[in-house]
Amino acid sequence: MRRRFRLEPYVEFAKRAIAREATYRFNVFTGLGSLVVRVYLLRTVWTALYAHNAAPRELPLHAIVTYSTVALLMGLVLDIDQTRALYDRLHDGSIATDFMKPINVPLYFFADGTGEVLFHGALLVPALGFALLLVHVDVPSLGVLAAFAVSFLLGYFVGFFLNFILNCSAFWTLEISAVQMIVTWLTDLLGGQLVPLVFFPAALAGVVYALPFAAMFSTPLLIYVGVIGPERYFDVMASQLAWIVVLGTVSTLLWRAGARRVVVQGG
Amino acid sequence: MPIIETVDLRKVFRSIKREPGLRGALGALFTREYEEKAAVEGVSFSLEPGEVVGYIGPNGAGKSTTIKMLTGILVPTSGTVRVAGLVPYEQREANAENIGVVFGQRSQLYWDLPLRESFELLRSIYDISRDRYRENLAEFSRLLDLERFMGTPVRQLSLGERMRGDFAAAMLHDPKLVFLDEPTIGLDVIAKESIREFVARVNRERGTTVILTTHDLADVERLCPRIILIDEGKVIYDGALERLREEYGTHRTLVVTLFESYPEFAVDGAVVESREANVVRLRFDRRKLSAETLVRRVLDRYAISDIAIVEPDIESIVRRLYLEGYGGTARVEPP
Amino acid sequence: MFGLYRQYWRINVLTTLEYRANFILWSLFTVVYHGSAIAALYIVLHEFPSMNGWTFRDMAFLYALWMLAHALQNTLFSNVDDVPERIREGDFDRVLIRPVDPLFSVIATPGQIFPDELILAASFFALATVYSGVRVDAAFVLLVPLVVAGGALIDLGINLGIATLAFWFVRVDALRWVVLQLEQEFTRYPIVIYSRGVRFLLTFVIPFAFMNYFPAAYFLDKHDGTFLLPPQVGLLSPLIGTALVLAAYAFWRFGLRRYQGVGH
């Protein structure tokens, strides 16, 4: 017999995650402090570059400052490893007890990660406040903002599945911290958070667009600053969706194999 | 000459006083009020070389603060302390050569490496001569049966094996004095016994002085002829274990199994501690009432099928001392 | 003491071998970490040929100088960073029951330390030196090790200073983290691009500019005239590093005395 689905426990998981994150006040302060420092740095660096060189047509100084600032703010949400709990519970062996509870275990991790993201998402407000003290951020039309929001959400799911896949590999090996750090660093560079992908030399750009990282940062950001116009919205979002389907499928397969391993071998 | 001598040793800690809640937390940012708490308040004792002493007290009594002052980790607020003729906090490094320390809860071995490598590193740290090192290692691995897992990474050892490794590590440099802090915590009976045997042997054959802090009083009964009891930073008893038993272990328990069940059970001069089914436990003070009289009184009124007298163990004596007080008479000079 | 230090390295290497897969992955991370920073510089300066007169070739040398000094510090002294946590966990007392100097004892606490980052840094430095076209003469060969050692000492002095604060405050991770970020991101560019306040901070308060900017400006013949300082100040980094480490060590001794007086 199939049990009736109840949302309530998952809302509780998310609330717990918010409360848990709130106790790490120190992370919050350093996060905001480092953001301010980086906003200063990006303003200074881009200003220096534009002062001594011809500006590229696509991105004038105000657009690149907007791009980089929004990219940093997005990082507050996208750089979070929402499924860290999966690794932690595999590491200390408590995953076995999760399987004893009447819950959908992947959904539990999703709820936990959502809570974490909601908490850090709330920090966007003070972070934006601080950033505006240092730089001017362009605000596009409502239509563009809506497209940005949708694309950002799609990018969030790409990131979620990427993290989920990495954490799933902890079913087989617990030494994944280094791999995760490598992926985080590659995401920042190849996702276009550090430097817009439009600046990449052609050879490198080919590689970058074949990887899922651009779907996380670059696509929503280029929509925001108008480099991707409304006529291309459908194409870029379809490509984001395609990544979600691919990564989601891989996640499901890995999870099934991993869960079978836990159930059969007891972790 | 005593190997340890402390006179009126005191250690006062100062901590920030904080009002509860957010207001308190914010207030503490600007004005700070301190409160002082004496962890050790006038501790004096001395130890002769070769003694094995149990340093006993409840959590927070000041045991580890005392040990930290003896090892040179902490500087006393006042009072004097000498260990093997040195002032530990002034000549910390020289003092460190004389002492060995085993923490039951914290290993000094390197988690990822075979025991042998940890020993090699300690050889360098304590600058132990090759010959001495080889002799000690051979002896300890025989006594503690280390050979079997000498090449196994420490993380793969059982707790008992790891503790044996830790003991060897603490003794490799022939310390004159070893501090054992909860050395048998979490071990099974067999592992405990092998550790106790090792300590007794090192003390007997090498004359190593041992200070043992533990909550497991079976360790003390097995190893320490003398104990120092400490509570709230003060020494409340210092003397022979036997004498403690004689002076404070004056109560006995008479366990009576009744032949049939009686609705009421009472005997003059004894207190019913518990009664389960037909088994009654009676507590009495042997100074006020002899066992013979008590047994006779019981037999006069009840039909019984079995009877036994139980002597108090050291743990219950110490527990009573802490709970019921010691009336200032406990201070007994060491023999 | 020498014997102990040798033992320490022996154990580091053995531990690293024990976790071979993990070691390879972390080395790969080191490559990605520095690689992505250099790649970002390359991409930006490919689009914008110069930054206040500094080309990508110059900036590769600037980065390489910092990387080498930083890697040297990391390889020899990274254990200093563990002091706050060891104090918090109560493990620091272990250092004090040893018959060796506590700071030396901290530095020689074995872990999984391997000179992979240093090897990478040295290789990249050699590449960047050739690529930047800096004049390699006897003076260069003589001065570079001095300047790099000076940079490592500056790095160590600041790290030791922060670690020492742990004798007073339970958590210093936040400060450590912010300073590390300042170091990583602000040493990447010539300091001439920064505002006066930031330049002052990086020159006189936390002198990261002496780890790479001033020496690189000297070798590359860049006369930015920051604070009207002559280019030769770049050669002062060994002196500044030594002074900083001595000051940090005095502070460490002071903190240690407090630790022994107050406990935790």
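We call the chains A, B and C, going by the order they appear; numbering starts again at 1 in every chain.
The rule is simple: a residue touches a chain if its C-beta (ideal position, glycine included) is under 8 Å from a C-beta of that chain, and two chains touch if they have at least 3 such contacts.
Note that the coordinates shown come from a computational prediction; the quantities given were computed from them, not determined experimentally.
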| Measuring centre to centre with C-alpha atoms, which chain is farthest from subunit A? | B
| remark: Using only protein Cα atoms, the chain sitting most centrally is C
| field | Centre distance in Å when subunit A and subunit B are each reduced to the mean of their C-alpha atoms | value | 54
| task | For subunit B and subunit C, let me know how many angstrom lie between their CA-based centres, rounded off. | result | 46
| message | On a C-alpha centroid basis, what's the spacing between subunit A and subunit C, in Å? | response | 31
| Can you list the residues of subunit B that touch 2 or more other chains? | none
| request: Could you check subunit C for residues that touch two or more other chains and list them? | output: 19
| task | Going by the contact rule at the top, pick out the subunit C residues touching subunit B in the complex. | result | 3-4, 6-8, 10-11, 14-15, 18-19, 90-91, 93-94, 96-101, 105, 110, 112, 257, 260-263
| query | Where on subunit C does subunit A make contact in their complex? | reply | 19, 21-22, 25-26, 28-29, 32-33, 36, 39-40, 43-44, 46-53, 171, 173-174, 177-178, 181-182, 185-186, 189, 193-195, 198
| said: Give the list of subunit B residues in touch with subunit C in this complex. | reply: 13-14, 65, 68, 71-75, 89, 92-94, 96-97, 99, 101, 106, 108, 110, 112-113, 117, 120-121, 123-127, 153
| note | In their shared complex, subunit C is touched by residues of subunit A numbered 26, 29-30, 33-34, 37-38, 40-41, 44-45, 47-50, 52-53, 56, 173, 175, 178-179, 181-182, 185-186, 188-189, 194-195, 199-201, 204
